[in-house]
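Chain nomenclature is as follows: A, B, C, D and E, assigned in order of appearance, with residue numbering initiated at 1 for each chain independently.
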Amino acid sequence: MTTVLLQDVRKVYGGTQADVDALGPISFGIAKGETVSVVGPSGCGKSTLLRVIAGLDSATAGTVTVAGQLVSSPIGDVGIVFQRDLLLDWRSVIDNVLLPAELRRMDLSAARTRAMQLLAELGVADFALRYPWELSGGMRQRVAIARALLCKPSMLFLDEPFSALDALTRDQMNVILQQVQIHEGVTTLLITHSIQEAVFLADRVIVMSGRPGRTLDEIVVPFARPRRLSLREAPEFAAIAGRIRIHFERTGILVG
Amino acid sequence: MTAQEIKAEIKAGEQPSAFSPALAARRRAQARADRVAVFYPLASGVLGLAIWEAVVRILKMPPYLLPAPTHVLAETWLYLPMLLKQLGITAFAAGVGFAIALVGGVVAGAAITASRFVDRTLYPWLVIWHAIPKAVVAPLFIVWIGFGMTSEIIFVIVFTVFPIVVNTVTGLKSADPDLLLLVRSMGAERFQMLWKIRIPNALPSIFAGIKISATLAPVGAVIGEFVAANQGLGHLLIQAIGGLETPLAFAAVFVMAVFGIAIWYLTEAIERWTIPWHASQRGSVLGL
Amino acid sequence: QKINFLLDWAWIPYHTIFLTAEDRGFYREAGLEVKIEQGRGSATTAIVVGQGNFDIGHINSTNVAQAIGKGVPLKSIAVYQHRSSASFAAMKEKHTLKGAESLKGLKIGSTPGGSDALSLAIFKKINNIPEGAFTVVGLDGAAKRAAVLTGAVDAVSGDSHAFAAILRGAGKEPSMFLLSDYGVPLLGFGFAANEEFIKKEPQAIKKFLAATKRGFQAAIKDPKASCEFMKTKVLLTGTVEFCVDYYMGLMELSQSPDDPNWGRQTPEEWSKLVAALKSVDEIKSDKKSDDYFTNEFVP
Amino acid sequence: MTAQEIKAEIKAGEQPSAFSPALAARRRAQARADRVAVFYPLASGVLGLAIWEAVVRILKMPPYLLPAPTHVLAETWLYLPMLLKQLGITAFAAGVGFAIALVGGVVAGAAITASRFVDRTLYPWLVIWHAIPKAVVAPLFIVWIGFGMTSEIIFVIVFTVFPIVVNTVTGLKSADPDLLLLVRSMGAERFQMLWKIRIPNALPSIFAGIKISATLAPVGAVIGEFVAANQGLGHLLIQAIGGLETPLAFAAVFVMAVFGIAIWYLTEAIERWTIPWHASQRGSVLGL
Amino acid sequence: MTTVLLQDVRKVYGGTQADVDALGPISFGIAKGETVSVVGPSGCGKSTLLRVIAGLDSATAGTVTVAGQLVSSPIGDVGIVFQRDLLLDWRSVIDNVLLPAELRRMDLSAARTRAMQLLAELGVADFALRYPWELSGGMRQRVAIARALLCKPSMLFLDEPFSALDALTRDQMNVILQQVQIHEGVTTLLITHSIQEAVFLADRVIVMSGRPGRTLDEIVVPFARPRRLSLREAPEFAAIAGRIRIHFERTGILVG
């Protein structure tokens, strides 16, 4: 069953100069519980894509439906990690994580317990009462991830969520994210720059072209879950990664 | 799970820091800052008064024109109970009026930010009201609202609401669009966006408005008392000025100045306490 | 010979006198070059003249007394209004003010400070009006007017020439109550000069008063023409009728300029004035009445 | 290499956008916004005047108390040349005074931000000066400065400098510490940090101060004219109030209101033009 | 010849809660023209290290000398790319890049030409006249890199400069950076999360422990320059990368 469906979506930004043809036309779907990774060159419209699907920006052309509903305003029940961590300066770490629960008027005491669990799992529990400016870049990012996970949303949209993390922490995050996927069956859209990560976490990888981003390739990742980190050394895995890499290399020149 | 419990949990998991030079350094810096915070203003106050005293003595200013500070202080001391009583009345009007202006100003600012319609219809009237001398319409006030506290409070409101509105609007409009999108995606309603994002983000700016208005409120009350009142510092001032009792007038002004400074430091303290997270309150990096 | 002359207020109808004197060349003929500047209330004028920024001022003599009492180096050089304009005014349709009894229970608007409050205090003292016989509400000038016209107060205390004209100008019949009729010994308008200037230029003052007297005589001949003339010379708002009413209101309480004693002050009126001010604690120094005035320069 | 050349270079390298719906949509939105920007205020203005007219007629307000707007407009029309002449004087004083207050206020704000010493010694005096009624010093003014333009301009400065100082300080202190570090690492001197980082960053806040002060400047000039000047709208107001010419007084106020609104919109236009990059000017996302 | 020398440097942050022991004691040096990569778990004090060396933050204990001078205030002649891109909102892209030239009062016309070259090389020339908020995350990062390179500083301090770039763009950046190093002999401190990148670009890799960050290992990378991207597949390369990875894995648990 497809929950997210894009049809001929385009996005043109008006700006201080000439318009920017940022995205599309692009069409694809995400099934319920599926994880789709999106990779593509910098500036090809990945973040734009995420915003359009989440209803945070309107498509210039085409339609987006989520759970059968045409998206015209921000959709609920989704946890988003933006490319910038977007923590609120005036809230401590724990209060930042609790924000979605507050906004949804959920039981704060229970939410607080879950928040602390998440922070512990992500390795930033010691900093729960500190303010964002007292954290390192990677710690901020992890707090943003905890915030997105707090309300157990049925969808997760992640925009380069692990970019500020070292290789090992990143691996651990991948494992944690996979657990969430398996246990909660959350539909996930993952934008990432790491081809390995894209393949490791996804049921399907979408490779986008340079700006305006279109689908270059869609690759199904057939490995069963739970996947072990060592899977990445398997030749089948390397084959898929290689196929993606070739698309990148074909694009050749750098694109704005 | 309470903040207390979280703290306990953190404590348990944390190795004690081997030494705390940062803490010590901070304490020293704080102590020095406190000394500076008290000493400099006092020194500058004393210096200012000394210059004033010298000017009066050297130019032989007659007291009905400009009394010497010693004279003013003596007068203040002499009339202190009466001055304080009058100040109480003025301060009450200023306090009530300012409180209304603050709430009303922030609400109006929020409405102006939220609705283009309000922006385009209400704001110009506020501007007009701000841009005309109130002296012309003051008598109308008296006629409609009557004498006394009510009209005085309205004067205070009229005097103080505009800086709050303008700074609220500026602050509310400055919210990071991405932050608004973030909470929108968490299902925030308009009011929540206002309350959880826009207002905290606007606080530094609102505080600028508050600083301007809170210190202006007693002036508004006094002007209200000039127009119509039988009590308060304004009434006292008019009497003193009319009767060429300039030292008494200056004593009243002196009391107002002290009161104004007190309000100012109170506001700054509240600001520090309310928005410790803001760059303006975090102290400087490298003394930049 | 230059003279800096400061008025008691911004242009008011009766200032036509000085404009007339200037326009007709009376000052010039006396060999004077008079620079007329508008003022901001008699109290301020007294200080500013006392400080020497101006040489001579047109001031309410009560304010002069008050200022001298406070040590302002000033002397009254002439008084042409020996009865103060201080009065209560009400709309006749609402209240008729006659006798101290008629004030009972009224709400009266009065401006604190200044001569208005002073005359009220002296009136109460002299007539033994008990505390609470009437209610006094502190109002500034403009508020006082609006308040009496709308009935927010029953009566106001203020200058009779002003309030009679104002009430009539608003189409209301005024009921006036002159405090001078009830033993209030205050003086009205006159001229005061800076002490320094008196010492330095006695002749100039003499000439100034003489020329000004001619202005009084010339202006009173045709009040309407004087008002119209004034409107052409300076910014004076209000109708000509209002102007005439206002001007004549003051003149009625003043000495006729044809009176040979015009401007002359008596020691009695000054000592009464000073005594009255002392009785309400307005003057605390014990200067002799000679210190307050001089008739040296009266023409 | 000039911006023009850069533009040309970019143009050459860029494929033309296939279609420009965004541009068209923007144009439509802009046109609608323009209509709203003009229509709403006008409608609200007309409505406000209509209510006022109705009140006057129904309550049969005498014109000496509250003239009807038609009456005021007629009076304005009748005295227009004179009103404009007086406005010219007042506006000149307001303009000069405000310009001085703006420059002085920003410089003072910068000094206060830069130096703890100035902060602790100068700022309290500014606060005191702001917190006392200026009427007390009126005779001093006349004695020292005399009647005329200078006094008037000083009054304007006194009235308008404080909001600018406070908002400048708030804005300058709000600079992102990391940005300051960045330019420090590029070898920026204190002045450059001020000029290149702190001031641009403070502009939105400074503009809030400007909006408060610019519209207040004519009021300050009028009060100055009340106290110590013999021309301008303030003087006209004294005359009109004294002469029971309430309609003329309201005509003067009407002229001031129009002038104030004009200043307001001018300031907003300058703001839009100066800080197009700021969130408050970038328009709303999703109409949030 | 050593230009940068750290001796027993520690950093303790005071904050809203208890102090944070963020860094050290750590000691190492960087020779003139050398490139040193620093890797370590998130929150171990890498950014803090960079700021202390650059004189942007004072060390709590220990000394830092740069070119023989004790560092006590911000050092000049260094190009820094911070972890956050820190573009100025009120300047167009080109003006952002020109900022260091302006601050140093250099010839702006020449600087502008160089800026445009850099932007072109980094693939963002088309956006030279736009404002930062019109750029994607990766584009912003590249602008920040261009800004750091503009004045040809003799030192470069880069804090995860390529974290928001896709794999291929990142590779290209690596190549560009290597060219700069070879041609201009610039002394470089590179903080990165990519072990591959760390090894590929560096003469020496410093592996840091978890917070408070100390030196776990220092590995000399012996390959001659210019290095080709394909070097990364060489077994010697893999050996070094593996040695680093082992350090990470030994640290085991996630550290705040």
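The rule is short, and it goes like this: a residue touches a chain if its C-beta (ideal position, glycine included) is under 8 Å from a C-beta of that chain, and two chains touch if they have at least 3 such contacts.
A quick note: this is a predicted structure, and the numbers were derived from the prediction, not measured.
Leaving out chain C only, the rest of the assembly stays one piece through touching.
Per-pair counts of C-beta contacts peak for the chains B-D. With every chain reduced to the mean of its CA atoms, the largest distance from chain A is reached by C.
Chain centres computed from CA atoms place C at the largest separation from chain E.
Averaged Cα coordinates give chain A a centre that lies 85 Å from the centre of chain C. Mean C-alpha position of chain A lies 46 Å from that of chain D.
Each chain gets a centre from the mean of its Cα atoms; for chain B and chain D, those two points are 20 Å apart. Within chain C, the positions touching two or more other chains are listed as 47, 51, 142, 145-146, 150. With touch defined as above, residues shared between interfaces to two or more other chains in chain D number as follows: 10, 14, 65, 139, 143, 176, 181, 184, 226, 241, 278, 282, 285-286. For chain E, residues touching at least two other chains, in rising order: 13, 16-17, 20, 56, 74, 84, 125-126, 129, 131. For chain D in complex with chain C, the residues that touch the partner chain are 62, 64-65, 82, 138-139, 142-143, 146-147, 226-228, 230, 235-236, 238-245, 248. On chain E, the positions that touch chain A within their shared complex are 13, 15-17, 20, 39-43, 45-48, 83-84, 92, 122-127, 129-131, 134-139, 142, 160, 163-170, 172, 193-195, 245, 248-249, 251, 253-256. Remark: chain D residues 36-37, 40-41, 43-45, 48, 65-66, 116-117, 120-122, 124-125, 127-128, 130-133, 135-136, 139-140, 143, 162-163, 166-167, 169-170, 173-177, 180-181, 184, 193, 204-205, 207-209, 211-212, 215-216, 218-219, 222-223, 226, 234, 237, 241, 249-250, 252-253, 256-257, 259-261, 263-264, 278-280, 282, 284-286, 288 touch chain B in the complex. Considering their complex, residues 51, 54-56, 74-78, 80, 82, 84, 86, 88-91, 94, 99-100, 102-104, 109, 112-113, 116, 125-126, 128-129, 131, 133 of chain E touch chain D.
By the touch rule above, chain D contacts chain E in their complex via residues 1-3, 6-7, 9-10, 13-14, 176, 178-179, 181-188, 192, 196-197, 200-201, 203, 275, 277-278, 282.
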